[in-house]
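The next block holds one structure in the form of structure tokens; read it before the comments.
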């Protein structure tokens, strides 16, 4: 019973393209997979370290731009570049996390927000390297040996394999010693410390891991779309990622999956909403926080369980 | 581990030398000195606000000490962080139970084994064989501990859903899971009924039987007098008496400061 | 010699923007003191102040003083609404939850403003002409003088309010300890609402006096809020003198950085300062030590 959702979900993911006829939805689903990676990573930070980052778009962007620059400008091969970009992003996150994670939660919120703004400005201003506001084009596509990921369908299977891998690793993590330590420190920091948990180091590690995951998604994004521009990495995307976590419920890995997919596909379904994206996100964020502080997904699940109990 | 030939056997495991803790003008502990012998139950008593909890917080590194020194097995632990002190072998319960309410009873005890185990993020994510073996071992050991503390039937319950007595027990079980050299208990019997208090007393005595060194903060004089080997009396952050329970009961100053009013 | 004049010029213009940062920073402090939260919508109050002034003064052609008062009042009411309709009814009163609600409110307000005022930047004429006044060889715009004067007046009025009036004292009592204030019979909830009202008003004033210098657009709030927050951190979070000092210092540093190093990275500088201060002195340069008590 406990292990059922994973194979069921994986089968569903494998079968979905067979039902879908429209390539347009495939592309939206591919982006959703990357959002899943970012949001699960961010949820480890929010749900388990009790810290909020409004700078994940910057880490996402770092991954994308590092991948673009290292492969296109410097001519490095694609696959080794992706972990290299993750490593660089991780170091940057470490440097930000060390001072701010010792302080109260909202300092990290501001510091990461500020960091996001810096990265965004640098992307625009450092046009010799980044291509400036008009973006960076001609990023090489993904391929393994002779096999090129040249269609949305091939990318679909690759990205969702990555997303499901991240899902599995995160589920493993939260049921391990480190995961219990994280849950302990998010619930009661003093008790966690007196139980022998080095809470400060743990928080920094989670922050670094979640930044590295965002970087991974960024690299994949760059090599998929093959064109990137600063607009995708503004703080609005950071806010979207946080909203996805909150909708899915802090501390629920499955919830993050749900939140990321739902909010990634929502604008595709409601075309007219696109113009008022900002308004809609602001509203969802506020409403969820006010009425479902534990998340929409957990609330919905409790509701369903209650309904089923009632019937039987 | 502790064997009869242990040279530390009767020298102090924990020693405080003139420690002082201040809060904005208030001196919560003033030049306090004492030594704790192993395998004893040493109780800290004193009226409300005497500084008992502050002392436990100072020992565990939760509050910094402004002067003096605390020695654990002959080495200074002043300035170490709480997690380091816990890893060295000093664990505790809290005056208000501080369980991890978002976890099951079993998981709470497993967290207690944190400093005895090593698997990190990497092993946890990949479920490496060594990690799975460690998980199996600590889960089995945690069950043993729960059994010993009479909580095994509630292993899968959420920590927030068990009775107050069970929560107190669980907190001690979690602290014991680290196999501490010294166990600190902050008012483990507060709010319990007479019966529950007796159960708690048996539990604490049982731990001592097995050689556990215990520092106990407790208000209930009957409990303290019945189970302690040694008493330290605090008043306004100052030690005003120390000795065996029967001696303390005769001490005038102590009676005036505390016993006379309280009992 | 011209080099020195240049420095003086940069300092003057830095003090001008710095004054508005100071006002924003005070807004952050007032809400923080009353509730313990960071209000991310503070920057939107500034943007709204500018927008309302443009609407009342630029379009509806109301007399300047009336437009000024009306704009300040309108934003103050929006601040009040934020507290009454979003924060107060929230099911979880955890600090981080409330902070994120203000983040949501901030983008909500931004989205609404885009719908109302459109996407392009809006301008507002300076309050009294554009002929620069020369002081020691440096040119100062009349608007800068307005900015200094109004900021000074607002800070003086606020100080008097907090020290002299019953309500001001009550607000300080709430900041010192909510519990004791409640026990002393102070209507704590009213004081919290008032802090949002005041912060809205302060943000609006900052926006109104700044807009003639910089223009304003629907998305300017986040940046201004971040600057104000950086200023507050710089000076020591929660203190009024710290907020003013931090604001002025940030304005000057930024202006010197833009003038002497590179104007493209002007905004980067503000956040580098924020990160560096958080790194080395999280209590602020004028504050005391650590900010967390265990």
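Structure notes:
Labels for the chains are A, B and C, by order of writing; each one numbers its residues from 1.
Basically, a residue touches a chain if its C-beta (ideal position, glycine included) is under 8 Å from a C-beta of that chain, and two chains touch if they have at least 3 such contacts.
Nothing here was measured: the structure is a model prediction, and the numbers come from that model.
Taken as a graph of touching chains, this assembly forms an open line, each chain in contact only with its neighbours along the path. Among the chains in view, A has its Cα centre nearest the centre of the complete protein Cα set. Distance between chain centres (mean CA atoms), chain A to chain C: 32 Å. In terms of their C-alpha centroids, the spacing between chain B and chain C amounts to 49 Å. Centroids built from CA atoms put chain B at 42 Å from chain A.
Annotation for chain C: residues 294 touch two or more other chains.
Multi-chain contact residues, meaning those touching two or more other chains, occur in chain B at positions 62.
Residue numbers of chain A whose C-beta contacts span two or more other chains: 190.
By the touch criterion given at the top, residues 60, 62, 81-83, 86-87, 91-92, 94, 98-103, 107, 110-112, 114-115, 117, 119-121, 123-127, 131, 134-135, 138, 174-175, 178 of chain B touch chain A in their complex. Residues of chain A touching chain B in their complex: 169-170, 172-173, 176-181, 183-184, 186-188, 190-199, 205, 209, 251. Of all residues in chain C, only 37-38, 40, 86, 89-92, 94-97, 99-101, 103-112, 114-115, 222-223, 226, 229-230, 233, 264-265, 267-268, 270-272, 274-275, 278-280, 282, 291-292, 294 touch chain A in the complex they form. The residues of chain A lying in touch with chain C in their complex are 50, 52, 54, 96, 98-100, 102-107, 109-111, 113-115, 117-118, 121-122, 125, 190, 235-236, 239, 242-243, 246, 276-286, 289-294.
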